[in-house]
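All chains are identified by letter, namely A, B and C, in their written order; residue positions are counted from 1 within each chain.
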Amino acid sequence: MGANTENATVVDPRRLYEATRIAEALVFASAGPVSSAYIAERLPRGVDVLHVMRELKAFYAGRGVNLVQIEDSWAFRTAPDMSFVIRTDETEVRKVSRAALEVLSIIAYHQPVTRAEIEDIRGVQTSKGTLDVLMEAGWVRLRGRRRSPGRPVTFGTTRDFLDHFGLEELRDLPGLDELKGTGLLSGRIPSNFQIPMPLGEDELAEDEDPLTQLDLEELGLLTPGGKADE
Amino acid sequence: MGANTENATVVDPRRLYEATRIAEALVFASAGPVSSAYIAERLPRGVDVLHVMRELKAFYAGRGVNLVQIEDSWAFRTAPDMSFVIRTDETEVRKVSRAALEVLSIIAYHQPVTRAEIEDIRGVQTSKGTLDVLMEAGWVRLRGRRRSPGRPVTFGTTRDFLDHFGLEELRDLPGLDELKGTGLLSGRIPSNFQIPMPLGEDELAEDEDPLTQLDLEELGLLTPGGKADE
Amino acid sequence: MQATGGKTPRKGRGADAPMDDLWQDDASGRGLHEESLVVDLAGFEGPLDLLLHLARTQKVDLTRISVLALAEQYLVFIDRARKIRIELAADYLVMAAWLAYLKSRLLIPRQAKDDGPSGEEMAASLAFRLKRLEAMRDAATKLVNRNRLGRDVFARGMPEHIPTERRSAFEASLYDLLTAYASLRQRHAITQVTIEKRSVWSLADAREILQLLVGDFDDDWTALDHFMLRYLSDPAERTTAIASAFAATLELVREGRLELRQDGVFQPIYLRRGQKAAEGSGGEEGG
């Protein structure tokens, strides 16, 4: 195809090629199918848009991406037989909710921190789902228990957390001056405002006990007598 | 295409063609750059991803859409000379203030660089939010901390920065070699002398009170009951 | 910072970053018109920027500019600005004092026992800094004029697929995390009434500036306060500046970081580096 077009409209091959390039770029960059009329307006004068589109369609016919016509509009679509490569990772990426980000950041900076403390800092109750999401993401873990009434569980971040956020160690989290310096924190904060220096992952706080097998069972994270999954 | 397979790994042309289709589909389907590693995982075994990408790049070289490399990733982008056809009145690029742009180029050319170093080069405090704007744009990131007293946070550029400004890698920064040659990027001022750093409002001690009329009287600089000439 | 604009000296760049706004609308409105030398600092980002602009008007290679002439121009500029009572940020005044000092070093022959940096060395480092800043400016221009994604070059408008390379099924960047944390903490921090910045020189201001400059002085007696007072105070603020600078000087003397000499009443006060200047802050016991 495209070879027997010299007779209908006599088109200079260079001009035709240029027109194909334009149509190609237009359809590629567009957020939706592009109408022939829209493309025609942008082609060099005297070039037939359908001729150009036929050329382009032929060009892409056997490739990984095809030009498809939808009524009078055009769009690129990956070739139908390519769906297996495109669909392999079904795990859609979920955006982390604002609430989860807040909780995560509190855990990162204030660890070891208990749930009550997180709520105290946020001034709002934390839904169980939020912590679950963070645990599921593999960013947050149970660190131990606070040696205080009720022996509440303390939370901390994981190695995966550091990896994901491109930190080498927890101490790389920016401090007060740096948050101010980058403008993330405005200058209008009380003088007694502080940002804690997080305690490293493996160090237990003075008032913190490590989690025991029994704790894990109690928390329902381990079936009695079973083995921790990590 | 797919005909010139005369390199070390003897690849069956049909397999190479299939691999090219897969790579094409993968990269074409995505708006952002796709890493070589990601593509490689999805190619038939024994096919060299770089070989495939080189083929693909050559194939698209003169077309309306080009394959570009960004560090170790690949993306399809409209050809630069197509900008006039695609650009519409609604096309908007992020507006960057001149100051922000200056900070951005200092970070790009001097990275990893601390905030103090940026200010040393500009001779002025970085206004609040400038770094924030650059980070929000996704062009600048926290890289780590300098191993020096105070462990200041260092800044660097991102892959999105390269992508946005059409750079394959940092070495492609305009005029980089020339600047290196002139010693302007070394950070060392030839003599040990320094121009006093700007006195920013943040550096003013917050716990200091202004001199009062009473103080001035005490110091004998103002006749009692007089008026401070301010 | 224009004569009409209500910016106070050390208010500098506030949260609203007025300087940034000004930069946005190009360089056209900025600056000084050579003949009338109409002073408008609004377009300048700090003293180095102003110096660079002045250097460019010398129309020579930055490596060959006359630093002395440049210093003169800067000082003239500052003088005029003050004459028509434009409020100047402290940065500009500190630079003026430094340049006045540089000028004196360039004009007075070097003494044998002098081990501080020579005027020529100071001038060289200033030229280097100007050159470096200009290089970065040029680089920024080149960068912004490249084919930019979304302006000249476009990505696939209708993506069909987002490749995930992270093992995690959740997406968040460090920036997202820090933004969430900072705004959360900000929200819960007790909002305090911000007190309007004073337009007097506090002890801290003067002291800070003195300290910045002290390191640059060797063992010669220098009438530093002369430079300081000339440039670091608006005529309107003179009284408070004298008071603060003098009080700060006394404090530094007490700490042994500075020595003080005055030959007679109303004579200039000479300063030189104290014995403890090099060792950092010394004892607090008074004298």
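Just so it is clear, contacts are C-beta pairs under 8 Å (C-beta built on N, C-alpha and C of every residue); 3 or more make two chains touch, one makes a residue touch a chain.
This one's a predicted model, so the numbers in the text were calculated from it and none came from an experiment.
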{"item": "Contact graph of the chains (line, ring, star, complete, other)", "value": "complete"}
{"item": "Innermost chain, where centres are averages of C-alpha coordinates", "value": "B"}
{"item": "Comparison of B-C and A-C (more C-beta pairs in contact)", "value": "B-C"}
{"item": "Taking each chain's C-alpha mean as its centre, the one farthest from chain A", "value": "C"}
{"item": "Whole-Å gap between the CA centroids of chain A and chain B", "value": "20"}
{"item": "Chain A and chain C: spacing of chain centres that average the CA atoms, whole Å", "value": "41"}
{"item": "Cα-centroid distance, chain B relative to chain C, in whole angstrom", "value": "26"}
{"item": "Contacts with two or more other chains, residues of chain A listed in rising order", "value": "25, 28-29, 76, 78, 86, 166, 174, 184, 186-187"}
{"item": "Chain C: positions in contact with at least two other chains", "value": "15, 154-157, 160-163, 173-174"}
{"item": "Chain A-touching residues of chain B, taken from the complex the two chains share", "value": "20-26, 28-29, 42, 62-65, 76, 78-79, 82, 85-86, 115, 126, 128-133, 135, 141-142, 144-145, 151-153, 202, 206-207"}
{"item": "Chain C-facing residues of chain A, complex", "value": "25, 28-32, 75-78, 86, 89, 91-96, 98, 101-102, 104-106, 108-109, 121-123, 133, 137-139, 160, 164-167, 174, 179, 184-190, 193, 195"}
{"item": "Residues on chain B engaged by chain C in the complex (per definition of touch)", "value": "26, 28-32, 34-35, 37-38, 75-80, 82-83, 86-87, 91-102, 104-106, 108-109, 121-125, 127-130, 135-136, 138, 141-142, 163-167, 173-175, 179, 182, 184, 189-201, 203-205, 208-211, 215-216, 219, 221-222, 228-230"}
{"item": "Chain C to chain A touching residues, read off their complex", "value": "15, 154-158, 160-164, 166-174, 176-186, 188-192, 194"}
{"item": "Chain A to chain B touching residues, read off their complex", "value": "20-26, 28-29, 42, 62-65, 76, 78-79, 82, 85-86, 88, 166, 168, 171-172, 174, 178, 180-184, 186-187, 191"}
